[in-house]
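After the structure tokens below, expect a handful of questions from me.
Per-chain residue numbering starts at 1, and chain names A, B, C and D are given in the order in which the chains are listed.
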Amino acid sequence: MSASRPRPIGLLTATVALLRKDLLIEWRTRARLNAIIFFALATLLMFSFALGPDTKLLEKNAGGYFWLAILFASVLALGESFRVESENACMDGLRLAPADARAIFLSKALGNTLLLTALGTLLVPVMVALYGVSIVTSGVDLGLILLLGCLALSAPGTVYAAISSNARARDVLLPLLLFPLVIPALLSAAKATTLVLQGDPMNQFGSWAGLLGGFNLIYWSVGFLLFPRIIED
Amino acid sequence: MMTLSTQLLGLLAAAAPGQVGSGRIVGGWGYVWACYAITVAMLVLYAVSLWVRRPKAPTDAKE
Amino acid sequence: MGKFIKWGLLALSLAVLATGWWLGLAWAPPDREMGDVQRIMYVHVPLQWAALVAMFINFVAAVSYMFKASWKLDATAESSAEVGLVLGTAGMITGAIWGRPTWGVYWSWDPRLTSQAIMLVAYTGYLVLRRFVEDPEKRATWSSVVAIIGAINLPIVWFSVRWWRSLHQVQSTPKTVDPEMTLALRVSAFGMLFITLWFLVARYRQALAERQAEVALPDALPSDLAAAGGANSSRVA
Amino acid sequence: MPPLSAAPALALHDVSKRYGRRWALARLTYALPAGRSLLLTGHNGSGKTTLLRLLATALSPTAGRVEVLGRDAVVDRDAVRRDVALLSHASFLYEDLTAHQNLTVLARLLGLPSPADAANEKLARVGLNRRSDSPVRSFSAGMRKRLAIARLLLKAPSIALLDEPFGELDPAGIHDMEAIIAELKASGVTVILATHLIEQGLTLCEERLHLQDGRAVAA
């Protein structure tokens, strides 16, 4: 063929190219995306029904419910993002292209972070309205926790979604593997969010954000190192 | 790795819960027997499950 | 050696465990504050130690598998996770029962018990994953990844739960223990450890036999391949 | 005969591949001289697809060594991947993206200077330029095959691994595919072709390997 020989591209370029592809697919299947958003909204709503009209209780636990809604939505989003790759063996197509497996991890995890962060941003006003809470300390803190929390759900989530998408009973397997793993992230994100919503007299926000940061550091490295072993065998 | 193992040991091994309040607890043998009975039952059940799942065909004599 | 390990080790461990429990239940004095309830320690603590040993073996086997693939390591990982899950569950149940007379409730969100509960769920997930993957090589690799991540998670869970709880209650500190108690505890712990070892060996043999049956050479092939089977440069030895 | 210095296009040393308890390939040894093209024949399940996937490094052998252009397919995997391209039963196509977007994604991963133009060029080559902005989900099986071959052409491989390229194509499509394969060969690409259409295969390939139960047998 007359075309010039392809030359290898760097990790960053590959990540960006794959991320663009994932976002393009999300955009072209935005009906699916909308369904996930409505699922999260419905989850928030269901908590208020499950607890009855006790506004005090809802207000007190708003941070926890908010993060549970995001966690449930993340399981759906992660499952979808790997279902797209298993259709027509697209993951094989990427591996043989060749795309660096670490770039696949980074693009999937970053794409999922973006999606969840956007979802969380949409959920905040709904939470404020439904649960009657208000942002007491600062919106910047809330944004920081939202970003850190979504990063923390995405890295281990990507690793486990890659595994469970190739196993039987994938829909059960992903939450079973993921939920015990993200408990520390969920716990610190919910705590920190509660502090933002109810005031932070003892200045504990920093420690929870720090814990979340450490969690991210560990699992982004672990995923980066172990993900290639999952998709190459 | 040693650090992790030590940490793990410290994590659960010394899981002897401390006591709350003061004054000696009297009796409570029922709790003690329950613990021992449950443990023995679980170990026996697990042994039985190992027996049930034992390899059907014996492995080669060479191995 | 099979017979000796099978029955000799079992007899030894049962004898040691029975001695340890007898020492704990009849010989050692009751605790100054907890009274006779404290005798739960001689079953609870050995269970927890043994579960930890099993989980640690699982972690080591999983990490080793990442560096050198072998069915023996895979079988070790599988057997230790299962034995650890059984012992850990027993340990958690006895811990909860112990909590009833001492704390007044079965479950107090104590960091250790909570971390352990999370750990048990994680290892249940590990064993379920193994059931749901057909391909032996993939199953071994993926479950190793899950085991490594699960082990890394343990200290994180422990710290976060402790932090989370410490805002509500002060952690109780371990108390000093009488020498008689120490001896009874040690003997019980060794007995439990031997039983664990026996379970591990028995389960390991099963797992290895299953793996070898899964990857056995099919009958349809010419005999030359069967002969070379042991010597080929298989990725998974 | 190829010059002695040239490494064989591909060499299989005692290659076996096991799926569970079944051997898909059993101790296969074969060397394809440089500059020749290979026809793989055999019944369904004889190991043709497995062999192509091994050569494409989509699988690694259970035992034995696979060499592509003198490089070990396991040790030098990434280098081998850049040399080969696989047309497989699975199309590697994203259903939700358009034909053009599918090719652009690959062109970016390959580091081609102008991905969109390269994609357009290959779409025109396989006669899909009028449907370039339709999502793959709306494509027929034959159109998917054409798009998949465009994907292969985009990679400009030294070795093209074609697994049943004529399947699901109408007579005109088969004719086009033959032309494309002839063109690949003319430009110096080694073609490894697995097909049931033996006449077409024999006109395109100089060498033939007949597989039966994962072993090479005389056709």
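In the analysis below, a residue touches a chain if its C-beta (ideal position, glycine included) is under 8 Å from a C-beta of that chain, and two chains touch if they have at least 3 such contacts.
Note that the structure is predicted; figures quoted are calculated from it, not measured.
Enquirer: Quick check: more C-beta contact pairs in B-C or A-D?
Expert: Between the chain pairs B-C and A-D, B-C carries more contacts.
Enquirer: Please identify the chain lying most centrally, where each chain is represented by the average of its Cα atoms.
Expert: Given all protein C-alpha atoms shown, the central chain works out to be A.
Enquirer: With chain centres taken as the means of their Cα atoms, state the distance from subunit B to subunit C in Å.
Expert: 8
Enquirer: Approximately how many whole Å separate the CA-defined centres of subunit A and subunit D?
Expert: Chain centres of subunit A and subunit D, defined by C-alpha means, are spaced 37 Å apart.
Enquirer: Subunit B to subunit D: how many Å between their CA centres?
Expert: Centres of subunit B and subunit D (C-alpha means) sit 56 Å apart.
Enquirer: For subunit A versus subunit C, what separation do you get between their C-alpha means, in angstrom?
Expert: Measuring from centre to centre gives 32 Å for this pair.
Enquirer: Which subunit D residues touch at least two other chains?
Expert: 60
Enquirer: If I count partner chains per residue in subunit A, which residues reach a count of at least 2?
Expert: Subunit A, residues with two or more chain partners: 233.
Enquirer: Going by the contact rule already set, what residues in subunit C reach two or more other chains?
Expert: 134
Enquirer: Judged by the touch rule stated earlier, which pairs of chains are there in contact?
Expert: Here the touching chain pairs work out to A-C, A-D, B-C, C-D.
Enquirer: Which part of subunit C faces subunit A closely enough to touch in the complex?
Expert: 66, 118-119, 121-122, 124-125, 128-129, 132-134, 137-138, 141-142, 145-146, 148-150, 152-153, 156-157, 159-161, 163-164, 167
Enquirer: Quick one: in the complex, what on subunit A touches subunit C?
Expert: Interface residues on the subunit A side: 156, 159-160, 163-164, 166-169, 173, 176-177, 179-181, 183-184, 187-188, 191, 204, 207, 211, 214-215, 218-219, 222, 226, 229-230, 233.
Enquirer: Under the stated contact criterion, what part of subunit C meets subunit D in this complex?
Expert: That would be residues 134-136, 214-218, 220-222, 224-225, 228, 232-235 of subunit C.
Enquirer: Of all residues in subunit B, which touch subunit C in the complex?
Expert: Subunit B reaches subunit C through residues 1, 4-5, 7-9, 11-20, 22-29, 31-32, 34-36, 38-39, 42-43, 46-47, 50, 53-55, 57, 59.
Enquirer: Provide the residue numbers of subunit A that touch subunit D in the complex, in ascending order.
Expert: 1-9, 13-14, 17-18, 20-21, 24-25, 28-29, 84, 87-90, 92-99, 233
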